[in-house]
């Protein structure tokens, strides 16, 4: 049997095994999950043959599975992030109920993602897409919070996206008679203009929705923050990348080849607007999970912008950011989950001063935040740099400014996240908080090590991206292990950067620590200069409510219009319409009989119009 | 250019130069403000004494590892940024690593320090520090935008993103960019006082309301490191402006004259200004500076 | 204990020179002397020419100015502020109130001798001292620092028990964090 | 042994003899119908799998050859539907064999009526005589009225009365149409009418078509003729609602298709069917969304599915018919599962409100799982059978260049997702109310639901289990000449 099919079967098997294992007892289930976390990537890395294809025909539709290098790049994200998240989940979900369902859905969503990335035809793509959607839906509502609002919103928007794709798929089938992706790409140039736009835009809509592009992002904040954090790291890190994956091949394979660049530009603009507005929203969140959710949307905005611009460097940047975003957002959601589990809340106005209680979690978050903010010498900078350079080289100066605005404003929420949870005064309430279990910290630390390495040697990721881009039609992409170069020949040598920062840092670290080492005292966070007043342990002086109030005042004119409100109003309007429709069924027999007669009469009267004689 | 020894020596010399010049500039500032207020004012070397005194404090306290590291981040940022800026156009000692970084990189590395500083200030648990950080980050969003617009305008106009490249273009053309792209210069100039955090943009420190804001829990060696970093960073910013808009400098005297002239602008403005509220500051930056930034971009692109 | 200038090491001389010319002042302005600080600092008398400038928090400050009488209630705060300052640190007592209670010598809620509770390096005479006197006090302090004689911080550490005993006589509900340097 | 006559004869006979059996030995009332359903299912499968390609089994009643006698035609199309009906009837019996609310006192009534309904439906599908079809339809309808009023309550009676009112209108129109047809052609045999109908005055033919359309449309739950549906579905017992969806509605749509595909050749009727189907979908699904009671929601959803089937058949293409058949299969299997599961879910709640189901996932895990599975399948999520139906349906629509219809169907599918997932959300992710009494599903109900679930998953994973049969049935439906040739070997289509 083909290794691809075996991979799918292994994941499905582990899903069932975890489910039934958990219905026997927790240990059995956890062993199954752990085995899944180890064996699935092991199989993928060692046994899966990437040149293999499997084709079969179901119900008259030809289907084909097989990796290409572009899919492999994204599979890499899935196959590295998901097992880590699974291991994390073993710690995170230790005391939860219904863990069987959780791991079942978790593994099924991995199955969906794996399947999407190896699909070479629309049918299997759609099938796996839908599997991914419903399994993630089950996880979104897993905690039972806001089932009606968030869950339904997620499902409705996912369905809208999926069905847009579905419509595109059947129209493609109508026009090409085939469901293969390649047939579509090859035939695209010969389509009529209307069909080109219809299929392209519908597909783009479907994928853009998954990557939470404004204005169809509204499902994301609730969905990301309601899901158990163990899954959200995958949700935001890997699952949303499926949208990016799709956008990549739609925008590049279709629009670029058919000279419809402006469609990509529109997408890029949407991405930039998303980045700015989502960042602004993230700044004013009080819940760390919501903050991270909006931040995810913003980061996806960068990625989408990179993809949408469609030059070599910008796609490179987009894909690199996609990989990096998976890593750092994975860490951050895991960290938020660890805090939630250990301290009981992620409300940044309540939780303070955990740094000394959870140092490892803090360290991982710090690394991730630096990467997120794009500050050298960590990996995030590389992606930001390439994105800016590609935009500047391309002359998209307004978009550069928007991305800059967004990423400068990103410092605000980055800081707020670290400050809100880990810094500030220590509270007696959190006196007994312990560091999270090694099952939770080790995945975080592994990912942060990855982020640190990419700061100096992004080439380890570039290699796969360059391979993947051959499938988008960019052959011989130039990359170096640690030198970034733009189209104008300007470059940044990351090793010099790391070296210079590192040397200066170490020199001054030694100086600052050595100088008066014995006379440097640690004092508690209650010992602050407060006009001589002695702060009692129960008084918390940390400033965390309305943290960015001045900025909120500045942005008030922008922020007061919430797109959710329009959707809600639209929903209410539709609801009223439905209510009106419902009135047709009065429950009165005579009325129904009357309808029948009227219908008959109408038909008879208009029979000439209907039948033509 | 060859030889690792020269490189290290050059780096040390540059740092020393930046420190000295920055310290004297700060001293001049105090002196000038004093004279404007009809006072005698401290001697111009006063800041050296301050740093030395703080360094020779016998004890120091911190509230945890982040506070310990915060001054470190600041000075690392200042010195590293300095390494990637061509202090003089060419020469053995003062160009350092400027060939391996570009403007975007500089923009990003320049926020490395403030972020670390903010984390350290956050750990102290002092509400004034947190308020200061909140204000500082907000103000940063304000001034970064026109400043970036100016820079992007230059980059688009001259098709290079490296500082060295922009310097070369200026020496080839024989004109400074403040004349060849005046709109960008105006935008950058209007954003500049925000970067220096002098009045009317001294909302972060604001001794009267925030008890010096983020640094309120830092003393002794920490404060001295931060003051050192601040003076180096002031020099870095001035040199960057000079490199970008005033044709750089080919010897130290030219550099000092140009930077000092430029430095007088935020100083003198600050000497006679009260303080903005945070939102007023952001609104200021998103007003005329933004307009000139847009104008510069449009001028550059078409 | 009192070092002569000759017996100081060269490092100490440099350090003391820096300390002397860079005095960051934290004014504890509860007494009437607080009103004398602004003229001292501003154009008329311009203390900055001596390197004296205000500090916002005790962590950064070198000199603590006790500007007049101290109520028993505020003594606690003064001690707190003093202990938060970094060594070496100096205290200046303003006016008669800080020396012996002044016109409040028999008041039930002011302290009479500041030196019993925290070590005072320089007293400035007067009720209140004019800015000229304040500057004279600073010059005196500078001289003491140069000579290494401004060592109140050292005395406080060495005789902490004695100071604490005195402080606890006044402050009955003692909830201060320990001072253990 | 395997003769199509048994389909009708045995259930009819047993239905009337059932009270007698009950007199002999009471448990026989439960067992005998099972045997009968098992037997009909057996013979229908036996016949169906042994069919020679393109050669229907034709039975002449009472020795009269058509066109004078009544004949039964068990072809690839009708055979498929009959197999489906008998199979589901058997499962409904398995489920309701000891359904608690069907008390022993009433169970003979219940099974009598159920058997009558099944026999009638099979008759409708198999018969080759249009008047006979009317008769069978009446049998089905009348037994359905009885089943609707089974609980004897006020609401049930009202529902049954509405059903009766609309149903009698339906009968009237069909009868009128048959009369007109007979007047014009002088025959009642469908094959012969098919030949002669081309000669009918188009005006009269259009009137006949309209009358048939409205008459069968009522049975097929077409908008705006479907006022009876929600009441009947929600007031009848759970298994009865299931059999309405899987059996009654199927015979209605079958009759509609048979008449318009084979018997009458009317231009324009398919556009009408398309319009009616779309209206049905829109109104039913949008109404379903605002329902607060589970049964009514399912009933409206069922109407919506029927609308979808009508749309599929209205394309008049092979792909369309294939998709329509797939949808019929899905609707029959999945809706039956949903109704069966809802029978236990709403067992002890008087109002049958959706909000009473909070947290049932924990206390009734199996039934909730079945409901969830059915919901996943009916909204068309892979890997369940509903997906393939929808896929075929949409490709057929696209092949007919009806892009707006695709959009409409998909928008409606989103609506469907909303209301089904609301229920799932309540079932699994809400805290349950304090005072709920539940009824654990009996072992036979578990068996029935499991079989249906397995069919759904099996077809979902590998739809080719059934696609061959559907394709054959499609071909047969379009092979009008073949049908006539087999039924009336003496005549031929000129």
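Note that the chains take the letters A, B, C and D in the order they are written out, and that residue 1 is the start of every chain.
Rule of thumb we're sticking to: a contact is a pair of C-beta atoms (placed from the backbone, for glycine too) under 8 Å apart; a residue touches a chain by one contact, two chains touch by 3 or more.
These numbers come from a predicted model, not from an experiment.
Asker: Chains shared as neighbours by subunit C and subunit D?
Answerer: Touching subunit C as well as subunit D, we find A.
Asker: Indicate, using Cα centroids, the chain positioned nearest the centre of all protein chains shown.
Answerer: So the chain sitting closest to the middle is A.
Asker: Is the number of contacting C-beta pairs greater for A-B or for A-D?
Answerer: If we tally the contacting C-beta pairs, A-B comes out ahead.
Asker: So how far apart, in whole Å, are subunit B and subunit C when each is placed at the average of its C-alpha atoms?
Answerer: Averaging C-alpha atoms per chain gives centres 36 Å apart.
Asker: Averaging over Cα atoms per chain, report the distance between subunit A and subunit D in Å.
Answerer: 44
Asker: Please tell me the distance, in whole Å, between the geometric centres of subunit B and subunit D computed from their C-alpha atoms.
Answerer: For subunit B versus subunit D, the centre distance works out to 79 Å.
Asker: Which positions in subunit B touch two or more other chains at once?
Answerer: 57-61, 211, 216-217, 220, in rising order.
Asker: Identify all positions of subunit C at which a residue touches two or more other chains, and write them in rising order.
Answerer: In subunit C, 57, 59, 87, 181 touch at least two other chains.
Asker: Scan subunit A for residues touching two or more other chains and write them down.
Answerer: Expected reply: 519, 521, 524, 526-527, 529.
Asker: What are all the touching pairs of chains?
Answerer: Chain pairs that touch: A-B, A-C, A-D, B-C.
Asker: Looking at the complex, which residues from subunit A come into contact with subunit D?
Answerer: The touching residues are 58-61, 101, 123, 126-128, 130-131, 133-134, 137, 141-144, 147-148, 151-152, 155-156, 159-160, 163-164, 166-167, 170-171, 173-174, 198, 575, 577-579, 581-582, 584-585, 587, 589-593, 595-600, 603-604, 607, 610-613.
Asker: Hey, which residues of subunit C end up touching subunit A in the complex?
Answerer: Contact set of subunit C toward subunit A: 28, 57-59, 74, 76-81, 84, 87, 175-177, 181.
Asker: Any idea which subunit B residues touch subunit C in the complex?
Answerer: Residues 30, 34, 37-43, 46, 49-50, 52-54, 56-61, 207, 210-212, 215-220, 223 of subunit B touch subunit C in their complex.
Asker: Applying the document's contact rule, which stretches of subunit A touch subunit B when the two form their complex?
Answerer: 353, 355-356, 366, 370, 373-376, 381, 384-385, 388-389, 392, 395, 397-398, 400-401, 404-405, 408-409, 411-412, 414-415, 418-419, 423-426, 486, 488, 490-493, 496-497, 500-501, 504-505, 508-509, 512-513, 515-516, 519-530, 541-544, 547-551, 553-554
Asker: Mind pulling up the subunit A residues that touch subunit C in the complex?
Answerer: Checking each residue of subunit A against subunit C gives 519, 521, 524, 526-527, 529, 531-534, 536.
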